[in-house]
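Shared between the two complexes below is chain A, which has chain B as its partner in the first and chain C in the second.
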Partner chain A sequence: MYALLVLVPFFSLLALNLPFRELNRRLAFGFAAILFLLQMGLVFIPDVYFWRVHLSFFANIFHFQLAADILSKVVLFCIGLVSLTALCVSRSLIKESEERFNFINIILLAVAGMNGVALAQDIFSLYVFLEITAVSSFILIAFEKDILGLESSFKYIVLSAVATVLMIAGIAILMFIAGSTNFSVIHSALLSQNRNLLLSLSIGLFLSALFIKAGLMPFHGWLPDAYTAAPAPVSIFLAGIVTKVAGVYCLIRIILSVIGFNDQLKGILLLVGAFSAIFGALSALTQSDFKRMLSYSSISQIGYIILGLGSGTALGVAGATLHIFNHAVFKSLLFVNSAAVESQTGSRDIDKMNGLAKQMPWTSLTSILGSLSCAGIPPLAGFWSKLVIIIALWLAGYKIYAVIAVLGSLLTLAYFLALQRKLFFAQPNDEFKNIKEAGFGLIFPAFFLAALIVGAGILSPWILSNFILGFNSLVGG
Partner chain B sequence: MANAITVILLFIIGIYCILVSHNLIRVLIGLEILIKAVTLLVIFCGYQTQNTALAQALVITIIVIEVVMMTVAAGVVVGIHRQNNSLDARNIRKLKG
Partner chain C sequence: MLLELLILILLVSAGLWTVMTRSLLRSAMGLALASAILTIVMFRMNANIAGVFELSVCAGLIPVLFISVISLTQPMTFKEASDHMKERLHRFWGLPLIVVVLGVTLALVSFKYKVTPAAIQEGKPDVRFILWHLKQFDLLGQIIILFTGVFGVAILFKERNKRG
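Presenting the complex of A and B:
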């Protein structure tokens, strides 16, 4: 039944473009929303009812090897959640129905690709699904066909193609060593081998490819441009989930299922993670564009996820996965807020806008919750995942990195407080006296996500105790 | 050995092409050369390990995906040309990275 998660979005994309386009155009929104809601719901269904049911009909036609563990399920839930948010926001921000229909089509394609990435059990299928995701995000970034969107899309295409090339080279060398592309076969072949030059080369190629896709600090050139230049619903989609799945999730999956941890690998991950966490936050401090600040904040938060992974323990990986979920929630929320501010004032410049709290009370309230969760203030959800990551780093003996993580959290608080003070709480500006609150289409998703932040924060002890148990088997002690 | 040298040579040509050229179409050609290099590498690795069936399947998929990616990339380049009337990468530096 795993295959359905990939095949249903894909075939619905085909069905939507068959005859009766008029009817399809009206149905597309509701259909996609139901599909994403179903995907979120499916994650909570016990294994026997859905996940383990085997359909021999599909298995005979489509030879994907797919499987789901707790990590995949968390990512699948995030994919459903963020796609639903982007869909809701697109309803009020993409006015023309034809354009919105195209948007929904490409979102469905991207979701099919990302579900495939989350479920793939073989490095070559992983590559194929990654490319589906990447190609649909190229189109999404250039969706409005303005020069900024096209330019950033071209930048992303070049860097992503280079990442692809590095990845295929890594796959070819792993195939040379192991004679197969299956995760478990390669893993056992690597265990029986000594570390040699060829193996290190392939691991290095894979790591650099995924660092580019994730937008970590030395390779981050495309990320702020793409997030800033893309239309608002696309920014939510890209920042919330696409780079997480294409870069971070793949990295975690490849390391856990194929390569396995060793000291050099942990060293590289910790170094790159700490570098991104600190310098992403420092760059965010100097930005005056709302979306650009959020993009650099994304780089910094991805650094946290990589730090958690770099600790190499079950606790660290659990913290990293929890942070993927939290980041998907609070970063989508903040991008929804930026879309609301942009649609009402027509500008994203933080320095120009002042004191919007009175005119836009709900946007202000939800963005405070999002910022505080991102900065890791208890009892909001972001606090717990950062806490788990820092504890994991400390217990694994990387005390310096734990201190760096705490410092990075302070920097996060600094730039978000500066943002809130300027944008919402300063003395109101005459120019923006007549601003009204954004429409229901932008307030509802923001409220839903804010409720999720508070709810997940309060329920976190329960989530953690159920969560970390699932990870012990995954990391192997 | 000759195969490995060909792959490395193509790789260097591709990287050089991307880094040096200012024309967007040339950047795409550089990417094509890079992808050709790794496709050859896949064939070479399959041949060495007597695993030609797997290598063939992979190569065909790589070619298909490469075509899709290049089509989208060419579309983006056409869009840039329509907006800017120029294909020079030095003219489109509105974003600062």
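Presenting the complex of A and C:
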């Protein structure tokens, strides 16, 4: 029963806030960690009892209409993985137990929302669960209540409100035309109607809203501030999964299940994707704040995912989905590294810090793996997804966009090489001579994610063959 | 048609006033006014239940809550308010233009394409039926949204009290 993935986090939160709060506070971390681990494990085991549980009481009240295909399963796995990483990092960086407990509560709510988004088969349900994710994100960004966090949260609220208005207007027109909010009913209605301006308007409104949520250029205004101002575990959570689910996954889902591909749509996706991939990378090149650089890098990598989607083929969508997974892993790792550097040096200014490799060897090593995977260097995981996207673009006849994707990769390599040279390998700075390696709470998740990058890279041929088989039926190609 | 246009202009004006006014108290009153005008739109579109909710909750309860909280805060000085206003005008000068352009575009589209809803064409249940009887799952989502909002406010305000 897929609804359990929404019900369990929500009711866990209620249970954690019932009497025996002091005891619950001590158990919360372990409980949430087990929950996220179970989500990662169960997603790819279809035959366990968990999926056959039928809660007739809830089913009669709420009439669940949820389903999961390969795309949803990849996203559900990423939700579990990134939430677990953020949770581990919070143990080291959020010192007060009350604040850590609050953080775990909000993460559980956000996970319930994102799981709902990943499983929804209805455009209005999708919107409702997106709002849960958005509201949780507002709270998380403002979590430390400093002026930058509050300002960034406010900026995100304003832009998110614009996205909500656009989305609601799009849903209203689609519901008006189709008489239902179900994906398949709207899809059939769209097929039976001649494409007219009203339809194009509703699709345009919906896509614009998702472009804002995904932080694609030129709709990215909120993203660098939010990622930079948020506390480290929140940055990991936002960059690793929230933006992917709220923007990118929804975009892929709506296109595959509702709108379908056409030449105009592919043109828009390719243009926005290429623009984000290149200008995100160029903006990252000019940053001196570690987290801000990673934020612009995220915009660039989301551009890549949209380029893969824009190819309009099963291969391209498979590449895009694989890149969602890879980006969740390597960007979470790089944000863990930035948290480690910040916690030990008290700064994120790349220009100020030099030669940290000697003092922080494990952070340096894992950060090299994350950077190289992001830049698409073989045989790491990022290489394979980028390769699939570039091949898909080339085979679909979008050769200029394939060249732009290669150029974007070179730019990514350039800004990460500059980062590595300055931060870890330049002449050591006296000011930071006596610093030590970060603690186990930051090194363990970094190692785990780095191992995933190497492991997924080695296993990529197997993963790819399974992915592409799964996506042929989804795209119909 | 003229009446609808007039109501919409009033609604947009009340919304803009709510956002642009320098006093928080007036802003809360502007919100109540905008909700009251929206209620008229809802009643005229035969959405009586939504109209009653809008009038009682959005035009009544929420502004009362806002006004009671605002009355506990310290207002800005005249200079602060005037600087804030200038900055806001500088930032949002294009906002009314966007509203007008969007409004005209949507109006033209609706004149050009007279689409009858598929639900009415095929004798299917109308939108209200769909929302209230076929979409119970969304209720769970809406409960979680409310819970998230309340939880967030509790977390943020609790910390404020501790620090204050």
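One rule holds for everything that comes next: the second predicted complex is superposed on the first by the 464 of 477 C-alpha atoms of A that agree within 3 Å, B and C clash if a C-alpha of one lies under 4 Å from a C-alpha of the other, contacts with A are read in each partner's own complex, and residues count from 1 in each chain.
The rule is short, and it goes like this: a contact is a pair of C-beta atoms (placed from the backbone, for glycine too) under 8 Å apart; a residue touches a chain by one contact, two chains touch by 3 or more.
Predicted, not measured: the structure shown is a model, and the values here were computed from it.
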Joint occupancy of chain A by chain B and chain C, clash or fit: clash
Contacts of A:Gly113 with chain B and chain C, given as first, second, both or neither: second
First (chain B), second (chain C), both or neither touched by A:Asp146: first
Contacts of A:Leu191 with chain B and chain C, given as first, second, both or neither: neither
Touched partner set for A:Asn105, first chain B, second chain C, both or neither: second
Touched partner set for A:Leu201, first chain B, second chain C, both or neither: second
Chain B versus chain C as contact partner of A:Leu18, first or second or both or neither: neither
Partner chain(s) touched by A:Phe176 [first = chain B, second = chain C, both, neither]: both
Touching partner for A:Gly221 - first (chain B), second (chain C), both, neither: first
Chain B versus chain C as contact partner of A:Glu131, first or second or both or neither: both
Common interface positions of chain A, toward chain B and toward chain C: 124, 128, 131, 135, 138-139, 142, 145, 175-176, 179-181
Chain A contact footprint on chain B (complex, rising order): 14, 18, 24, 27, 31, 34-35, 37-39, 41-42, 44-46, 48-49, 51, 54-55, 58, 61-62, 65, 68-69, 72-73, 76-77, 79-80, 83-84, 92, 94-97
Touch list for chain A against partner chain C, complex: 6, 10, 61-66, 99, 102, 105-106, 109, 112-113, 116, 122, 124-125, 128-129, 131-132, 135-136, 138-139, 142-143, 145, 175-181, 189, 196-198, 201
Residue numbers on chain A that touch chain B, as the complex places them: 124, 128, 131, 134-135, 138-139, 142, 145-148, 150-155, 157-158, 161-162, 164-165, 168-169, 171-173, 175-176, 179-181, 221-222, 224-225, 228-229
Residue ranges of chain C in contact with chain A within the complex: 109, 112-113, 115, 117-122, 124, 127, 130-131, 134-142, 144-145, 147-149, 151-152, 155-156, 159-160, 163
